[in-house]
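Multiple structures are listed underneath, in structure tokens.
In what comes next, chain A is part of two complexes: it sits with chain B in the first one and with chain C in the second one.
Our next item is the complex of A and B:
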């Protein structure tokens, strides 16, 4: 047994009150096996990694249970014991590879330090490093070693960290969301490298992720966490084929699929309670959101029951078998050729000049953020723009919105030219076009109340608006975006992530635009909240006949929402057309690679594929 | 009913529970009361000379005269009364000079940070050049040009110290400009002026308040220096710097006549700095601290 947890409980002290942020967690991790910890943000999944590294935040402490690594108690053991294990017998692969490496040291220096700690003689270090980097398929190890972290891509840094983690032949590797901060196309490669090294070395892997589908492909066993509680535990295949707990089911259903018929995503109400809300829930912590829960669950915490060998569920028998009603099908009507064109861009491009040096010359060729492209949005049409970071998709949004001046090309709105960014065209845009920004945290002024935020546009109009009219409008908008009108007096810091994103959308809807431009608006959200927002967008389409340019890196979400799509790479459009056509028959190699990078819903598919190359 | 955003409510709470803020504010409040109530608090007219009782010691020493609790100076003027009236000059200069520097500095900082480009370049270079002059020399040059007088001192402080505000607030504006709510406001049809006043100004207000408090302490010191060298108030107006200058010659016989005005300056500056430092911690500004 590599790692064994028994009734592990981590608590937080708040005003003398003890709140369990991780309750009664038990699991076994055998050598050479992969255990997945799956849960949304705030579920407590990272807490276990922090217990292992003794890196719990202040006020948090292990209050009950045990965590044993190879027969040694790592909760009560001496600090020296832990120091002798970390980085040697236990290794970590972090979430943010770029911040995990020291920007002032070359890879060789950092790797060398790590080898020093592991007692590798200086004479052999170079050889070790080159071998290790070749194992993670870095093609030019010498160049990588002499580079600084910022000279490498996120994926390359992550590979270096994986190589470092495995170099000491550890018994346990803890990988906390190792692919979340990376581009989609690298996800498959990174997962594949971790898997192969783990198999070759017989290492046990603790794989922490929010993505149930990814976990199903990577892990042998899965632990699903909700609000600090294990709701389901068992073999990965069993859980993803036939999830038993209502939460696991909801989690799986909330993820739009990449193939098959499109059905409306069932979405859970509200969102996971925060730590301060835990103590108010007496029974099952999922109770308040459970679609099938009854009064029994809400009053007593259900025990884990073994429903099949090794498959445990924390739910009463009554709840577990109640099937949610089947969801209605979604039809993306073919609007392609008959709707009126709202927005049309031809030959649109953006080139950033490199700055002039002191002689007035330009040092480099600059950056082609967007190469000349044509782009059309028709009334009521949802267009997806897919690409990775640096593909120019956000620049495209800023060009369409008039936040940047295009280098070449024309943009017209309802047939009127709005290419320049003058006062007049801004006014033209304002009535038709609105933008929803990616991160509501930064897009909502923390000093404005929800009422002031959603009706902010009314402040800019010259004609006076009465406070009553403004309040009325704010309440209407909140209702339309599925928020309680009582929230008008709240401030962004008092809202959850999903609520903030709804406010963000409501603000853009205030002018009744006919076209919304949404830049990665669901990428920062948990899947269950993402489903709520996606459904909200579909409802808006049905009610308002609104059109949408939906920028995303997530193919499944684009398929769920959009009838046509554009795939961008390095500022260039590589493929463009109706969504179904591209999904069923991708033409460009890059599009194909993007598809290969997403874990399929079908568990019998071998994923990640043995060779993924870009 | 006034609704306060949770952010400002929390900041308010932190201010109230901060010993620095409370101590600083308490001293400043006392100083303000003293300044307003000067005619009632002072036992004598600050200019009345009593040449029969010069250089009297304060009350706890032998030979003290109960009519002069803190003693008298070389001309037999009541030190307590002069100290009390000196508070008026100190607070007058602190309030006006710091506010003036704040207004000029903040306006230019927001313009520079918001518009960027050439405007930013011009303003930032002006600040750089301005700051390259040693402030005391610059003040003396200005006062020689403008002539002496307390209002000239205020003008000099404003003209010198607006750069301090400008530089620090500009960087805070730049941080705010990276947040998406600024382009969002543009897309909602806000004019430049509206964005600057409604979105950016509130974001930098905590920093402005903090800096204002510290600048007031600086202004008190500068005024004291200027009145010490006779560039500020006329010689018949009681000010702490004037008192030090007057007592300088008899420092060895009557040290208290120097100690009291120095103590008053010390307490005032300490109070403003405590308040400013406490506010900085409570309002979480990224203040680049410079002590002048």
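Our next item is the complex of A and C:
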């Protein structure tokens, strides 16, 4: 046994009250096996990694249970015991590879420091490092070693970190969302590398992720966490094929699928409670949001029950089998070709010149962020723009919105040319087009109330607007975006992530635009919140015939929302057309590779595919 | 690296030309607009109008302002700062004596200040949350609350008079004779002529004024370094290093400090410029024969050529320090010299 947790409980002290942020967690991790910890943000999945490294936030402490690593108690053991294990027997792969390496040290210096600690003589270090980097398929190890982290891509940094983690032949590797910050295609490669090293070395892997579908492919066993509690635990296949707990089912259903009929995503009401909300819930922590829950689960915490060998569920037998109501089908095809053209761009491109040096010469060819492309949006049409980082998809959004001046090409709005960014065309643009930014955290001014934020645009003609009218508008907008009108007095810091994104959308709706441009607006959200926002956008389409340019790296989300799509790579459009056509019969090699890189819902497909090089 | 540094210095030298022209014109203009007559102030009582006119012509003050400025500039280009009206000597001679003294004092004070600042900042960080931090934190407040000229007086009082450890007048003990001037820098000269007694005396004389100057820059450095260390220690790469089992001391020295030192370094550049301003009062209090004292004498006597020259030299020194800090920045921050990842 590599790692064994028994009734592990982590608590936080708030005003003398003890709140369990991780309650009664038990699991066994055998050598060479992969255990997945799955849950949304705030579920407590990262807490277990922090217990292992004794890196709990202040005020948090283990209050009950045990965690035993290779027969040694790592909660109560001496600090020196832990120090002797970290980096040798236990290794960590981080979430953000780009920030997990010291920016002022070369890869060789950091790797060398790690080898020093593991007692590798200086004379042999170079050889060790080159071998290790070749093992993670870095093609030019010598160049990588002499580079600083900022000279490498996220995927390359993650490979370096994986190579470092496995070099000491650890018994346990903890990987906390190792692919979340990476592109889809890179995700497949990284998962493949981790899996191969883990198998070759017989290492036990603790794989922490928010993505149930990914976990199903990577892990042998899965632990589903909700609000600090294990709701379901068992073999990955069993849980993924036939989830028993209502939360696991909801989590799985909230993720749009890549094939099959499109049905409206069932979405849970509200959000997972925060730590401060835990103590108010007497029974099952999922109870208040449970679609099938009854009074029994709301009064007492259900015990974990073994429903099949090794498959445990924390739910009363009555709740378990209730099926959620069947969702209505979504029909995309009707809209296309029917609506009038709102936005039309022809030959649109953006080229950034490289900066002039001090002699006035340009150092390089510059960057072709967007190569000449045509782009059309019709009334009520949802157009998806898919691409990985650096594909030019965000630049396209900024061009359409007039935040960047195109290098070539024309943009017209309702047949009127708006290519230049004069005051007149800007006004025209703003009445029709609105943008929703990616990160609501930074897009919403933290010092303004929700009412001010969503009706900000009315400030430019304040004389014509009474305060009452403004308040009324704010309340209408909140209602329309599924928020309680009482929130108008709140500030962004008092809202949850999903609420913030709704406010962000409500703000864009204030001028009743006919076209929204949304840049990765769901990528930072949990799947259940993502489902809520996606449904909101579909509702807006039904009610207002609003059109949408939806920029995303996530194919399944684009399939769910959009009737047509554009695939971009390195600033070029590689494929463009109706969504279902591209999904059923992709033409370009890059599009095919993108599909292959996304983990499929079908567990019998081998994923990641053996070679996913783009 | 060397090429980039050279390129940066050349760029800076080009930029310095318009800056220096502006400063010189500004200083020149302001001084001429002041309602004071340097010639009248420098003449003995009983001088005649003829004497006065002769002096005016000798110093070129009878010409038009643009003419005067251009003549001054032209002479400057040949390394001639003109003659001092009050001291009746070439300005160049006065400056060549005073500049090394000030440079010596500022370098020493600067090193002292950076040393106190960095060790204090590290100390505050390492003792964070304990009483050590409280003590250091209060000491920075005290250091900042008292202006440096007052520190000079306090230092004289405590370390010069009550507890006579260090001398506090001039650059050298009066009973010692100067060696033949080699560089003008007494520390260098005394070391070159192997005079240990001289060296000790020079250092002892510099101690208190340098300390007063150091106190002017150290507390801000301490605080900035501490707060950037507190930020850096929560960076992912520090956590990741900890998860690799690297010892806490090594993490602070190898990972946190170099990254936290970058903002501190830019601050040091700014403060280095301020320090020259601080020398004016401190040199006067310690009767230290440097640029600051020269400036005060010149201002008191409306010695226009000297004021202009010293002001211009201050400007060159500040520009020089900024350029040096930029080169150091280039050396310690790879992001400034290497291209990032391909887009």
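In this text, the second predicted complex is superposed on the first by the 609 of 614 C-alpha atoms of A that agree within 3 Å, B and C clash if a C-alpha of one lies under 4 Å from a C-alpha of the other, contacts with A are read in each partner's own complex, and residues count from 1 in each chain.
Note that in this section contacts are C-beta pairs under 8 Å (C-beta built on N, C-alpha and C of every residue); 3 or more make two chains touch, one makes a residue touch a chain.
What you are looking at is a predicted structure, and each value in this text was computed from that prediction instead of being measured.
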item: Combined model on chain A: chain C and chain B, fit or clash; value: fit
item: Contacts of A:367 with chain B and chain C, given as first, second, both or neither; value: second
item: First (chain B), second (chain C), both or neither touched by A:55; value: second
item: Touched partner set for A:419, first chain B, second chain C, both or neither; value: neither
item: Partner chain(s) touched by A:449 [first = chain B, second = chain C, both, neither]; value: first
item: Superposition-derived angle with apex at the Cα centre of chain A and sides reaching chain B and chain C, degrees in steps of 10; value: 30
item: A:63 touches, of chain B and chain C: first, second, both or neither?; value: neither
item: Distance in angstrom between the closest Cα atoms of chain C and chain B, superposition on A; value: 5
item: Chain C to chain A touching residues, read off their complex; value: 7, 10-11, 235-237, 239-247, 250, 254-255, 258-259, 332-335, 338-343
item: For the chain B and chain A complex, residues of the former touching the latter; value: 3, 5-8, 178-181, 183-191, 194, 198-199, 202-203
item: Chain A residues touching chain C - in the complex, by the definition given at the top; value: 53, 55, 83-88, 91-92, 94, 96, 99-105, 113-114, 117, 148, 150-153, 161, 164, 358, 367, 390
item: Residue ranges of chain A in contact with chain B within the complex; value: 398, 401-403, 426-427, 429-430, 434-435, 437-439, 442-449, 456-457, 459-461, 489, 491, 493-494, 507, 510-511
